[in-house]
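Reading through the structure tokens given below for one structure.
Naming follows writing order (A, B, C and D), and every chain is counted from residue 1.
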Amino acid sequence: MLDASVIKLAQAVEKKTVERRRDFHKFAESAWTEFRTASIVADTLSSLEYEVLAGDQAIDAAAMMGVPSLQELKKHAERALAQGANPKWVNIMQGGKTGVVGVMRFAKPGPTVALRFDMDANDAVEVQEDSHRPYREGFASVNKDAMHACGHDGHTAVGLAVAEVLAGLKDQLAGTVKLIFQPAEEGVRGAKAMMVKGIVDDVDYLLGMHFGVTLKRVGQVACQTEGFLATTKLDAVFTGAPAHAGAAPENGKNALLAAATASLNLHAISRHSAGASRINVGVMQAGTGRNVVPANALLKLETRGTTSVINEYVYTEAMRIIQTAAAMYDVKVAVTEMGGAAGCGNDAALVERVRQVAERINLFDEFVPAGNIGGSEDCTYFMERVQQHGGQAAYVMVGTELTAGHHDFKFDFNEQALFKAVAFLSSAAADLLAKK
Amino acid sequence: MLDASVIKLAQAVEKKTVERRRDFHKFAESAWTEFRTASIVADTLSSLEYEVLAGDQAIDAAAMMGVPSLQELKKHAERALAQGANPKWVNIMQGGKTGVVGVMRFAKPGPTVALRFDMDANDAVEVQEDSHRPYREGFASVNKDAMHACGHDGHTAVGLAVAEVLAGLKDQLAGTVKLIFQPAEEGVRGAKAMMVKGIVDDVDYLLGMHFGVTLKRVGQVACQTEGFLATTKLDAVFTGAPAHAGAAPENGKNALLAAATASLNLHAISRHSAGASRINVGVMQAGTGRNVVPANALLKLETRGTTSVINEYVYTEAMRIIQTAAAMYDVKVAVTEMGGAAGCGNDAALVERVRQVAERINLFDEFVPAGNIGGSEDCTYFMERVQQHGGQAAYVMVGTELTAGHHDFKFDFNEQALFKAVAFLSSAAADLLAKK
Amino acid sequence: MLDASVIKLAQAVEKKTVERRRDFHKFAESAWTEFRTASIVADTLSSLEYEVLAGDQAIDAAAMMGVPSLQELKKHAERALAQGANPKWVNIMQGGKTGVVGVMRFAKPGPTVALRFDMDANDAVEVQEDSHRPYREGFASVNKDAMHACGHDGHTAVGLAVAEVLAGLKDQLAGTVKLIFQPAEEGVRGAKAMMVKGIVDDVDYLLGMHFGVTLKRVGQVACQTEGFLATTKLDAVFTGAPAHAGAAPENGKNALLAAATASLNLHAISRHSAGASRINVGVMQAGTGRNVVPANALLKLETRGTTSVINEYVYTEAMRIIQTAAAMYDVKVAVTEMGGAAGCGNDAALVERVRQVAERINLFDEFVPAGNIGGSEDCTYFMERVQQHGGQAAYVMVGTELTAGHHDFKFDFNEQALFKAVAFLSSAAADLLAKK
Amino acid sequence: MLDASVIKLAQAVEKKTVERRRDFHKFAESAWTEFRTASIVADTLSSLEYEVLAGDQAIDAAAMMGVPSLQELKKHAERALAQGANPKWVNIMQGGKTGVVGVMRFAKPGPTVALRFDMDANDAVEVQEDSHRPYREGFASVNKDAMHACGHDGHTAVGLAVAEVLAGLKDQLAGTVKLIFQPAEEGVRGAKAMMVKGIVDDVDYLLGMHFGVTLKRVGQVACQTEGFLATTKLDAVFTGAPAHAGAAPENGKNALLAAATASLNLHAISRHSAGASRINVGVMQAGTGRNVVPANALLKLETRGTTSVINEYVYTEAMRIIQTAAAMYDVKVAVTEMGGAAGCGNDAALVERVRQVAERINLFDEFVPAGNIGGSEDCTYFMERVQQHGGQAAYVMVGTELTAGHHDFKFDFNEQALFKAVAFLSSAAADLLAKK
């Protein structure tokens, strides 16, 4: 009975959901600068009578990672205002605190169910060709430094539709629903600050969702996603002392060699017998001139592991190697955490329950496994925290045709997936929240 | 008798020499873009009835090192024209072939004497403060990417004055004089192309000259300079293959690790028992993103040695290490020679003769040794070639007060040194060329 | 009916099996020197009317890895003769070709079933204490350089007992049985030479067996073993040129630095996304004197992977790194394969069939999984070859109490496991060979 | 007049000097085990009425470097006794304190003059062939682990002869003479312990002497030796933790990789602009088995420099690199100083005075320069200390034909050099000590 109501309500918002997705797409905002997107989310949730947490209520500022400079944040906030953002929210969100949570407590006591959606665009320039539908139909990004090439515009639109569906079922539900709209998933920078804030500390069931990835057509669904790797993103800045390489090389403190030694030994960190691990020094920039002993070096690196424990092992090894490589060349080093995610474990009971919902609503024709992603997703921070507190978590995928791979400047997806995702997630939440 | 004539002629051009130096300073041009400076040099030499070699007559194009892009050369040629360069010479010098040689053959047979002057400015932005005389007096560089911070403006002005003095003594001289105006001494990039062209193949005596360095006041002179290191400047570009560092790291070909391995092992090249050697990887730039196996890396490095043999040893070791480090990671590497200089040996007989001249003209109050420079100077390529052919060479220094160190954006020097240098070099050349 | 006969026959040889195990234990022989053990195996198989393949008939000499020196082989052959080996077999096995295969072709056509047993002892010195049963009861190793600390004495005794049981059932069986007695499993050196010889090319079903490992008591059984890692064992010998480190270091070719560079970069081989990989440089010995540029270096290393493909990937990377590290220092390098094993995949159908047999004979009270061994076993070479030819393979484990871990000088096991293994393997073979 | 007396006295001991040299040669004793040699030295000095310092009076035990084990010392002391050493001295010298100083204070006050001789043999096995004179004539080493292959047997014999000559001139001399007989020059291990003891703290003039090296025939002499390098000899022992390389590599603490990282980075220590430096990791021994993460590693290395300051620079860099390389792999490291020497500066005034003596006695037909040795000599510790206290020092060489290079197992020299050295050094000492 609830299922039928959900479908009906989802159908009612289907057109609006497409419009919202296109609006978010057109005014794409990248990590920590989602001022306009988050404002619209907050306004919509408010109008649906959700309690809204934003700014310092949703984000622990000290746990924000990889935040742009104040100058850039300011520039983007101004752009958001010019593009219609509500000044009230932009003010609350200043400093990049663009996370939003909508909370609705139903009359009857019951479990707390959270759904998590990410809002940020990629640092990419969208293609300007008629073959690209968003361009052809006039909703390509007007912001030249940002493009939704990972479908988060769709995720956000789905989240608002789910908010509307669940609000419409208010009288039939028990417990509490929390709709989490997260900034800065790209670079796995944003979840930690909301998790540390305590947003999911009281959550019994948490669901995350993504379009596409390994599910290539509308009609496919995965009720769990295995294989997200726990990860930590690090910047290491080495500072030595310059010297003329011909006249007095012994006076230099060579930051380039410190960083090179660190790089080699980082990649030599031992494998872990309990599962897969990864290490990558992706960027090195060192030195100023050919004839000067290099006094500066920057490494951008990441560690990964199939579990948080393995990632922590690699991280600990990496930190020691970076510190000692600097000490070896008598140079200083400062390491900054730029992003992170946990390992992903789906709870079998919740996966099974969600699967039954998906079968029941009869909108999917194929249940596929999703795994061996090899990438990372910081929704895992929420999942891990929920599990640490005795709750259950799962991460689902909803299939859709793609015009190009994720992060490609020609990325677009089949918008029929939007309705399916809204119906699926709303049904799953309603099932968990249904009055007994 | 000749000495007195020289002094008189030098005094006659003293004012013009200061003016020329300031003109060159104002329209500073960096390596291989000295189109205006070289045009003026060529015009002046022509007007003094020197035979002028320029463009392909002065430069072996294949031996030019560290040349800017064609686009940049074109831009600078156009600027030179706008700043008054003679289109005839700019056309001859296209492609950056800005070397000029003035040749005067005297009636009576005799030795061939060459004097070498460098013309290029530094890649620096001149300070704009009243405390800086060139700015205060209106001859600071109007070209924002170039500044004479090493005194080559003075060297060029001295060269033209010497040309005028020697032309004035024409009837009293025997043999041939060659006045070599070299581009691109900064980065030791220009001399090789003129040496390979054969400019000094017939030279019996060659003198090079620099202002300042270790001689800190007007009145000091050094009749030889020891300790220039032979050197080779190299760029190594590694090209591998990218891969997602989480999902398929084994598909990457890691250019960063190849470059890091090269860097460490380059610095581990064994010392040489025959003298000092140097190796410096001054710059490393590698990779594009934290989560991508780095597919590109650039190393900027240099080798040095107290002799050409030692430098050649380090260079040979370095080339093998770079090639094998690339092979180790299955990446490609391309190494480009960006500059070079030979070791410097002064011929004692010539040094002694020049010293007698310096004492005779009585313009210097202190004879100082110059050595342990620790840097490099590509005049050494000319010197080495002259010596290989049985001639003699020496490199002299003329003292002057400096307002800041060489290559500093506040660099300026005491222009009284100009006259002393003109008188000294003209006297030395006249002594070597004097009719017996 | 067959099962009952098997049990009866197995009981008949139980005492003899214990005696044989103790005899092999007392005259322990390590890899490639199992002259006496293999002679007894050959004699026993002959007496049971098996066709016996030995020496060049069982071993491809070119594929033998990690073979002792000719001098050592000779010494051990002489010892074997002194300890009662049959000179005929010792002669056939000279050069260490100590593999033996017993073949029995039954009257009726049918499948070819192979069982594989290993015969070699460890390079260990057995403890001489009364608390150690083999010493107390007089069957501790009398050969001071060899000790059965991995139970291969038991494996060989079981193999001979199985031979006797199956010979006793001759009339009830169809097809062919091959009993493979392999030398040099320690260091995974021996299987390859028998596999390359083609011993298992016609095999339809192959079973390998080990006592203990993760099965800690009599009564436990595992019908498959997961997690053996494919592996390659390599020795790399670098040869450079010495030089006085003070007087002429530039004349040296530094083998130590070549080996150090290889070691670091070997450990930096990228992880593989398809499964676990391993690399270990376990030993490095380089140089002769503190003041001499080191002209020699030895690395002992191993690669591993969960599959042969992954191991091959690590091996290929390792070979390139070793070669280029040598080239980097202009030293020569020779790499020798010292051992190897494939990844282990058990065929589900065979595992299930064997499991039914194990349940039927009712000698085991616990079926346990065996996996995540982390080590290697070269029986996998036989298994992989059988599977490549369309056959099926499995590796079983038979539980037993141990007095100390495998390879410990106090190792001993509960001999009640011998009977259970004989009954189990004989039943399994009889089941596969039973007349239809 | 003194010169003539010296020559006469030197002639008187010539035969005895040859005999002593042959006796020391036959009973060769290597570093810190010169119990017999030193006993004979002490007895001889005593009999000549020198005050004798030995054992703790001559050696600072804490500053002894590279000392054999107590067991080895005991074994060699017993051998010395069996070969005729005086038990009194052997007892005083126990623990390897085999340095001896003979002091004679003349009646009239005057300067303190020291001559230094080294006594130790090499760790070499002398050739047993008739073509080798020591073997043919019966004075080849009877001690199988030691051979005088560097001429220290001659040095010691010369020292005793000089003692006798100067004692014979007692009445004509003023001041004090100190004859220093040093153990353990090989490996530059012994001088420091005597220098630290203060043996040369009161010395005004010090002379060291060596046969041969770059002086290839009797008749040549060098009155100073340039180019000994300051040096430090180090052993670094790394201790990590083993782990099975397949099953649990992450549990290992890899001492081999720590040592490999140290080795590479040690060789990458920057050159010093003030003069030549050297670094050599001559030996690396690490690990126990191919499949075990290596838990141990030993590096034997040395640093050098043309001056003590440069050597100290390399040493300081090296110590930091070793410590941080260990820390990088979380392993422990212990570094032991195994030897050392200072840079060598000869005082021009003393060199000139010694040269005049050498010319005056008319025993040499060629004065040659000695330099660019590239090796090290710990007599430099004495020289440096004397100079630090305001005294003067020089190191002379006396030419001789050699049958093979120093440290060769066929080494022998022309014994005519013995007399020339005795006469030269005695004359020089007498000149410095002559009553005014």
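Couple of notes before you dig in:
The rule is simple: a contact is a pair of C-beta atoms (placed from the backbone, for glycine too) under 8 Å apart; a residue touches a chain by one contact, two chains touch by 3 or more.
Going by UniProt, the chains are A, B, C, D = Amidohydrolase.
What you are looking at is a predicted structure, and each value in this text was computed from that prediction instead of being measured.
Of all chains, C has its CA centroid at the greatest distance from the CA centroid of chain B.
In terms of C-beta pairs in contact, the better-connected of the chain pairs B-C and C-D is C-D. Averaged C-alpha coordinates put the centre of chain A at 50 Å from the centre of chain C.
Taking each chain's centre as the average of its CA atoms, chain B and chain C sit 70 Å apart. Between chain C and chain D the centroid-to-centroid distance comes to 55 Å (mean Cα coordinates, whole Å). Across the assembly, chain A contributes residues 247-249, 254, 257, 261, 264-265, 267-268, 270-271, 273, 278, 293, 374 that each touch 2 or more other chains. Contact residues on chain A toward chain C in their complex (touch as defined above): 264-265, 267-268, 270-271, 273, 276-278, 372, 374. Chain contact summary for the complex, chain B toward chain C: residues 247-250, 252, 254, 257, 261, 265, 268, 270-274, 293, 313, 320-321, 324-325, 327-328, 330.
The part of chain B that touches chain A in the complex is made up of residues 229, 231, 233, 244-249, 254, 256-257, 259-261, 263-264, 267, 278, 280-294, 297, 300-302, 304, 338, 373-376.
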